[in-house]
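The following block contains the structure, expressed as structure tokens.
The chains carry the letters A, B and C, assigned in the order they are written, with residues numbered from 1 in each.
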Amino acid sequence: MNDKPVTLYRHMKDLPSTHLLGSGTAMCSGCGGLEALHEIYDIIGEKSLYVNAAGCMTLLSVYPFTPFRGSWLYTAMASAAAGAQGVRDALDILLEKKQMKADEDMQVVVLSGDGSAYGMGLSATSSAMERNLDFIYICYDNEGYGNTGQQYSGATPHAARTSTSKGSSGFRGFKKDLFSIWAAHKPTYVATVIGSEPVDLARKIEKAMQLKGPRLILALSPCPTGWDYDPQDSVEIGKLAVKTGIWPLKEYVDGKVRHTKLPKQRLSVDEYLKRQGRFNHLYQPDRNDKLINEIQIDVDDYWSEVVE
Amino acid sequence: MNRVLLTGNGAAAWGARLAQAEYIPAFPITPQTEIIETLAQWIDQDKMTARLVTLESEHSMITAAAAAAVTGVRVFSATSSQGLLYAMEMIYTVSGWRAPFVLVNVSRGLASPITLEPDHNDVLAARDSGCLQIHCSTCQEVLDNTLIAYRLAEDPRVRLPVIVNLDGFYLSFTREPVLLPEIESVKNFIGEYNPENMRFRAHEPMSHAVAVLGGAPYSYFRYQTHLAVENGLAVYDELAKEFEQQFGREYGVIENYFADDADYVFVMMDSFATKAKDAVDKLRATGWAIGLLRPRLIRPFPAERFRTLLSGKKAVAVIDQNISMGMGGVLHSELCTALYGQPQTPEIVASFIGGLGGRDITVEEFFEIAKSIRHADEINQTPSPRLLYTETELREIRKLQSLANVKLHGFGETS
Amino acid sequence: MYRIRFHGRGGQGMKTASRILGTAFFLEGYEVQDAPRYGAERRGAPIFAYVRAAKQTIHERGVIQQPDLVIIADESLASVSSAGTLIGIDKHCVLLIVSNESPESWKHRLNLDCTVLTLAYEQLDIHQISYAGIVCTGAAARLTGIISNETLQRAIKQELAAFDESVVANNLHQALDAYKKMAEHEACVQKSQEISADNYQAPEWITLPFDDANISAPAIHASANSVQIKTGLWRSFRPVIDYQHCKHCWWICSTYCPDGAINVDDSGQPQIDYDHCKGCMVCVAQCPSHAISIIPEQQAEVAAPEVTAIPGDKR
């Protein structure tokens, strides 16, 4: 970590204080995904074209209003990455043929929830990486099919209650490791971020913007509606996800994974879980030590292998 | 102009090449694959300037096609059968983007059971999508109508995807003489694609294909797409006239083969319709007043034209190479809808379903169809819909079933 | 209209044969339609291709049911009903078989009353079977009486433009040789009588009865009944085990045979199931003691007309 890159973003005060993404959208109040998106949008800027997969953020643009200062194309749940392919290829063709000025070019960005990114859209995304598509893929990961009422998805964590896992043990499966799935394709850049760590986020977007090729920004997106907590706690829960080690902030670049924020003294997962209604059944009527332990051991195991 | 032997697939590829398609998202599927292979080879040999990208599915292929079209380049793509159905979500979606591009569909029957040979249930599944459909019966038509399709798709009164349909095997792998127009004259006919303000540029932000809340705005956008599809009829007329002036080949919205003075009329689409022409020739040789009407455009459906052309006819036989399970032939239903309650409308509009999965329709069957509608007219009673199937064919399937160890007890004839 | 059908095996150049003939007709000023017919393309499996040629626009489509000329490039297919070689052959039709046997013996064997011709050939090497088609084209061109020697050459050069000169030269040689050999039968192919709407055989239409789903679903209630399909018909050459040299290793040829067509009998002898061996020759390539050799099918049929023990069928 000697060769620290030059960055514009060292402190909170370095971040923009006015924001590019328009307000007035239909996202839930306290939406952690929107928080991450507006932070990202500030750095990527308005010379951008967002290709949107079906999910909560389908409703960012509802006729006749759009929050985007740049452009946006709504596709479908399975094929946003293919939409990015079509747009990128068309822009390249126009540039090659000099039918478009270079300054009319845009950063092509996919915007997708976890339902699409971890599931239905994965095939199109994997293929875009095969083709080394020059694009940024933003996944706002609220760990369930949020837009339809938080059914479990491939991103749902172990033991979480969702509307399709309401039993006493919650979701029996485990969260899929999308970071590693992406990294296995050897793309240009993969990073986890969270809106509650905006400096870390800004640096990563800054770095991603300096690169070309497939780049993933995987943003854990605390979701008051789906995770069942008071909207005012969104940032706090995001910070706890990092402090408990549940959401490691890291990046993959040049074949190496590097953690960008090491929780010095990791808090117990309790601190994160007990703040959210979706984990209530782990504490009431009685504390479910077995499940809570499983979650803690999982986190401990992860960090025991992290050498920095 | 050079007259050469080309397959239907070759003709489609030439259409894309002459139209100077700039972007070709692709995915292989029999019997279409030869089209994208041909284009890929031309691009490799620098005979064509375009970017061909193989996506991982037809769903992605159509997404990329339309995304590129709305960014402002000329797009060609091709598929068939299961591929078209796999893409169906996007086929319906991208018409709403008002994305003009040309998609060639090489018709092939749908699973199950899976097969390779043609019928039209694949392309008719896209009937209500907002894509226009041009159906071809010769390789020449495939080439010429691919060119016309670009004008139609890009016309400001339409601005929609256009599907050009040809039958697998019967056209896709069959060579026929095709006149290849010179590229300069095609350039002259098609011109450059002008997306006007429907494109993505950094300094002209556009949020496209957005959601709506409420039925009224939704209905507005959907009706507008419907009106644009309907405009296709008059625009196709204009383009066909212009095409004829420039290239000398005539394309009507409905091909009329000796139907004007006919009492009896066959109605069918795509390549099997040339078999009906053969039957018309032979029937006429023995004194029949019979003809053929073949709709080239299925969407928009030329209802008014059919009313005029069929006015005063004694009887009509619609031969559908498709089947809407639980209803029957799609073209038959559509034609009846167009004709019902109109003055002078033929009283007999009989339905025949045949040619599914490439089952041949013999000239003798056309004779028999003609006879049965003449008889229906004489007794003034519309016959029940008929599935073209023979005793020999049923005997053959019984043999296959016995090889498959299917217990045949319980069906009428053998118990 | 002329209606011509070519029968052969995948890999014998039937599609090219039909294309060259189609192009030759086209160059002679005819309207043309040519097409290959195959399911999923398989080397060695029976396939066919057809050509229609007429002075006026061709409206007829699809497989030719009433041919004027049928050419069988591979004589082993002549009597195989599943290959469909004889479909629609009537009195007026001409049948040409590439064979060293006499037309009379074929006429007798196939019980036909049409004109049967044969075209003698020299035994082709296993690597030369792709020339079978071109021989047929040359012969067909002469039999129609329409296509001149020069046109045939032009058509071949046009259709084989992608190949190098030696391949083209070899094809020209083969085609022109066949063209010459058919001189005495020039123009023997006659156009058939067109079917009349006054006098035709009506189709026996039926009303399709309803069958329960357990009958009418596309399901096979059997295990491994594919052995009823004699893929041995795909073969024009066969592997033959020389038991003098076979070391009875038991398993090498048997394991590697992709079709499971070699089984070891109780006495430890590998037996090739010729009903199913497709002639890929993997066994020949893998046999450690080089005890398996390749012989042309025709020779084998003379030597060992019938193989009775088929281990594969007993399972």
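Quick note on the criterion: a residue touches a chain if its C-beta (ideal position, glycine included) is under 8 Å from a C-beta of that chain, and two chains touch if they have at least 3 such contacts.
Keep in mind the model is a prediction, meaning the values are calculated, not measured.
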item	value
Chain separated most widely from subunit C, comparing mean CA positions	A
Geometric centre: closest chain by C-alpha means	B
Centroid spacing, where centroids are CA-atom means, of subunit A and subunit B in whole angstrom	44
Centre-of-Cα separation between subunit C and subunit A, whole angstrom	60
Centroid distance [mean C-alpha coordinates] between subunit C and subunit B, Å	34
Multi-chain contact residues (two or more partners), subunit B	none
Touching residues (chain side subunit B, partner subunit C) in the complex	5, 7, 112-113, 116, 169-170, 173-177, 271-272, 274-275, 277-279, 281-283, 285-286, 288, 358, 360, 362-365, 367-368, 370, 386-392, 394, 401, 403-408, 410-413
Residues of subunit A that touch subunit B when the two form their complex	46-47, 49, 51, 58-59, 61-63, 66, 68-76, 78-87, 89-94, 97, 99-100, 103-106, 123-124, 126-127, 130-131
Residues of subunit C that touch subunit B when the two form their complex	19, 22-23, 26, 31-37, 39-40, 58-63, 65, 194-198, 200-209, 211-212, 214-215, 218-222, 225, 228
Subunit A partner contacts - residues on subunit B that touch it in the complex	22-23, 25, 51, 53, 55-57, 59-61, 63-73, 89-90, 93, 97, 200-203, 205-213, 217
